[in-house]
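You will see chain A twice below: alongside chain B first, and alongside chain C after that.
Take a look at the complex of A and B:
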């Protein structure tokens, strides 16, 4: 199979994921007892409820409603949010951006710290430095985002070094682009750290294990027998091979990044997709729940797709027809 | 590693069973004069030298600010040894209702760890069955089961759990919530088990000892239980060590956001709800006690896992 066809197939699978997740959420939420007319607290008497249901299409048969939603979704019209009284698509693009900012800062930071440290601990089996990094990594891995954000909130509130919670200070609402950016830069470290630290520790452990395994490969020893120094063999041969298992896990890590991001968003009040999903679920805001699930699935699909592309780029064996 | 993992699971089970027996107070009793009282750590020395473990009781210094001061003039034995009628002794503090945090933590361990153990058990069973069937039979069953597992694995687990939980009525009896959360957790946890079991079983299936058993007339289920399952034991223990802390964390997250156990049931998650208010958390940091407890459970799991081959963390 050629690379093109392989990637095309992966892209189709990704599209299918988005379709299945959003349809499943819509149908499940619709079939479950209760809807936004009863749970959102917007309508008190039966007449009002009936009117609200009519406006939202909740009184129509499930199949017809689903087809309508699907037709709208193809034109990026994802319906109307009852809780926020805004189109779902607008809300999503706003909140998804916030989550994307948080998640990408965390992912880039975790990679920048975790992968080099993993190379370090993987290449040096013993010694004080690697031992220290390994110990720290186990401890940090044990502070999942929920706990991390709670601990960091306490730290921030006690020291006053960082703003506690939120994404921007409301006082600075419209005082120019520069102030806004600085304000954001002050708010982002706390949630990003809570999200990134366990991720960095995971990456360190994976990279460490991968490099240890690839150092045992015959061609690495052959390279050293040819006269390459250990560090040359490490950089030019072992590292390249160890990339594949690490990159392969990025696809899966997107999922845990999302779960972690939910906890962080709820604890620190970061206005992202996770919080939106939570608010939507509590009010049974049908179209918003579905939209959030679809956006989440999109993120994951994009993440796994990127991981696939990087895998092909990193491992030459995958370009030689060894694709599955 | 397998032995240590088994010990870890057993230790957690022991905590779930016995912890409440160690609680000094009833977890639901609210001590009126001690709202958000600070920890009264056990001591073994005072001005006059060494003595049996004791605490200094606290007295309310400022009712509005809920500030307490240690009363150094009086001492009091630890709560387990105290006669009745003395002031309560909160070793790690009290919550905003004046309930003993230590007792709630110990009772919470039963709910939280019990739920995680149950969910882990169901996930292991489900994963072993599906993975074993896929690996042993191969063909379209294998293909379908693994596609499904892959699909569930890439989903953002917390979102799925949230949707599934939110679909059901919010207010339910605690026992129903326990069962419900067990099922939901097991539903998202099984693929991680099934993938590995499938790999092991499909690798072992063609080995001589399995072929020999089959040629002697052993039926599929017997081969699976007697010969293939033991081959998976180490992997299953490692998975249990991974899933348990993940489920403990999931309970905490769900209860923290109000979709788990009701506030009346002490669990590590419902206890964390107190820390949702930054002001409360800053002034009474002992409300984070369940977070520290979770940290230690996750830490012990990670130490055990680090001694073996690393699998992906679920959290």
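Take a look at the complex of A and C:
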């Protein structure tokens, strides 16, 4: 299969995924008890609530409302957010950018730490160093992101080394872009660490396991028999092969990171997609919930595609046609 | 009731203080308190930035169209009203109206507007703005939440403007709170919004997407920056009209920043780090001990706001159709069943367990925090398992099969499902304590914690057996008619009745209508005590304890005027100050 056809096929699958996820989200959110008008609840009389529901189109049959939304979505009009009084598309693009900044830093950090450590522990079955890394990995993996975020918040508060939450400081908002960038750089480490550490631990464990298995492969042993040192066999043969399972997960990691994290973004006050989804769900903001879900599905599709391409690049035995 | 109506609540308390005074002063110029800022508790320094927090973002900057708390906070900081209820003293104060007279029949108020007041863009504030605001309130296309508030006996108020500085407001029927109600009305700038009203688009004007430069202010601050998901930045309004006793123009602060922090744990951490000065929500019971330690170390000020006036409410569905085909209908909706529950709960232990001791036991919906309307002699249900069992036995509920639960004659178990808000530790703990207490008298409670929106939705549709939830109401019962009247939208146990479903609800309807139209405060109180007596006998809502409210504030904030209703510290933003100016650590 040519690369062009492969990419086209993947794009169609991605579109289908986005369509199914967003449609399902809209229908489920619409069918669940309560809606945006419920928020007015006891404060408004039935007539006011009915008027509000009418304005939001919630009094229309489900099918008609869905078709309207679908027609709008085809024109990239994802509807209007009740919570923010703004078009959903505008909100998504704004928040996706914030999440992308955070996710990129977290992904690079997790990869830079997790993969080398996985190589290290996989290549060394015993010893104090590998044992310490494995223990730390298990500890980090067992800490939920919420607690991790709170821990880093407390750390920042106690030491005063980093700002406690937020994306930028109000003090510096009117300063130049360089000052703004430095301020942003001071705010990123805290949420990025909360996101990256569990991913790094996951990557470490996965890479470690994969490298152990690949070291047992006959062709790696044969390479060593031909005179390659252990280190050379590891770098030139075993590592490439071991990337397959790691990259398989990498795609999902990219997708979930760029979709935003509820826990980390809410706790650290990062104005990204995860927090947007949280606000949308809390207020039962139908079109915003749907938009966030669609954005998440897009990122998952893009993440898996990226991982597949990386896998082909990493493993010369594979070709696009091998990927399904 | 909606939490955003807390400002309205506060207004109302004060009404009572004013009524006798207003009647004494009928037909002549009244001498309301001065609008000059009171002498500060500490000579404030001009300048500085104060950083407070909010849980969510404004849905709109249009107070007539939206009543959510961030919008209300925006209005408090940047907009104006004719009169203000001082949240601390509960007295009514002249604001954009500098004085007023009351007609002999007490229904008509002639207000004189302050001279020389201008909007932040330099356009003078006149009676045309007031007329325009009322026009918007009653415009059907706007669909304002104010519309029902500013109807008395089902009719709108009549508002006229004989000249640019005079406004005459006439109520269609006697209304005890009178112009105290105007504290809640945010005035609109006619010159900016008239076109939208004419076009029928006022409800969509001044949305959260409107650039701050297009919003004009008449309050102490102007919104200059809104960073979605992060913060709102308010700068001093250089054209603000108010001065302190020394003649210094207010506000003292240069800037107020509202950081949007959706999570209370995060807010606590940032507060302790000194990165925000205070939050908008009272401390949780679990945080108070830690804050006391920090206060003792001088790192924070711990402010006691008193007893909450909004107790959590536990109630059964008393709609007849709910129980029509249910075998439990013979005993579950009966008042004796609720009385038995009231006897079965040890309120002291409840306060200790649920609120970690930071609460007081209560026996009705009006708590000791509502000093004006609290009735200490309300009939009480002492803690007595024996009395509870006797009442249940009177309903035919006995333990017939030697298990731990009671059954009726038909063998139907004494059991009900209680819905409450998931994620609210107080409500979930309350439900757990109730379940344990009722187990002792043989009643089984199935607790279901659901998303708040779902609980409210099911409650509005009548799809519940029992609910435990939090909602706020106005302090003055006359402004809380949706709760008390059987036709009310907050008459939660049986909403929106066409005619009173029961004789006792009819009695309450009559008494509440009467007390809202009586001028004499002691008479109003006597009538309302009667209402509380009837309520206590029938217990449509059960209350067990209400918390004490605390706020933590950084030591650099001075000239604090505490109020119980939100915004507890920002209700008077122009007099707040920062010791030595400056701003907190970034």
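Convention: the second predicted complex is superposed on the first by the 291 of 324 C-alpha atoms of A that agree within 3 Å, B and C clash if a C-alpha of one lies under 4 Å from a C-alpha of the other, contacts with A are read in each partner's own complex, and residues count from 1 in each chain.
Methods note: contacts are C-beta pairs under 8 Å (C-beta built on N, C-alpha and C of every residue); 3 or more make two chains touch, one makes a residue touch a chain.
The shown structure was predicted, so the numbers you read here are calculated from the model rather than taken from an experiment.
When both complexes are superposed on chain A, chain B and chain C clash.
Using the contact criterion defined above for the overlaid structures, shared-chain residue A:304 touches chain B, although it does not reach chain C.
Contact with chain C, but none with chain B, is seen for A:35 once the two complexes are overlaid on the shared chain. By the touch criterion stated above, A:6 is placed in contact with neither chain B nor chain C.
Of the two partner chains, chain C is the only one touched by A:95; chain B is not. Once the two complexes are overlaid on the shared chain, A:279 sits against chain C while remaining clear of chain B. In the overlay built on the shared chain, the residue A:160 is in contact with chain C alone; chain B does not reach it. Looking at the shared chain after the overlay, A:262 reaches chain B, while chain C stays out of its contact range.
Of the two partner chains placed around the shared chain by superposition, neither chain B nor chain C is touched by A:66.
Shared-chain residue A:21: touches chain B; no touch with chain C. In summary, superposing the two complexes on chain A brings one listed stretch of chain C into steric overlap with chain B, and the stretch in question is 416-424; the others among 92-100, 110-118, 416-424 or 542-550 show no clashing C-alpha atoms. According to the touch criterion, the shared surface of chain A, contacted by chain B in one complex and chain C in the other, consists of residues 32-34, 150, 153-154, 157, 164-165, 266-267, 278, 282, 284. Against chain C, the residues of chain A that register as touching in their complex are 32-35, 38-46, 48-49, 51-52, 82-86, 90-91, 94-95, 98, 150, 153-154, 156-157, 160, 163-173, 266-269, 271-272, 275-276, 278-279, 282-284. For chain B in complex with chain A, the touching residues are 151, 153-159, 162-163, 166-169, 249, 252-253, 256-259, 272, 275-276, 278, 281-282, 285, 288, 291, 294-295, 298-299, 301-303, 306, 309-310, 312-315.
Taken together, the chain C residues at the contact with chain A in this complex read 1-2, 4-5, 49, 51, 56-57, 59-60, 67, 143, 145, 148, 204, 207-209, 225, 227-231, 233, 257, 259-263, 265-266, 269-270, 272-273, 275, 451, 453-454, 456-458, 460, 471, 482, 489-490, 492, 496, 583, 585-586. Of all the residues in chain A, the ones that touch chain B in their complex are 17, 20-21, 25, 28-29, 32-34, 134, 138-139, 141-147, 150-151, 153-154, 157-158, 164-165, 198, 202, 205-206, 209, 249, 251-256, 258-260, 262-263, 266-267, 274, 277-278, 281-282, 284, 289, 292-293, 296, 300, 304.
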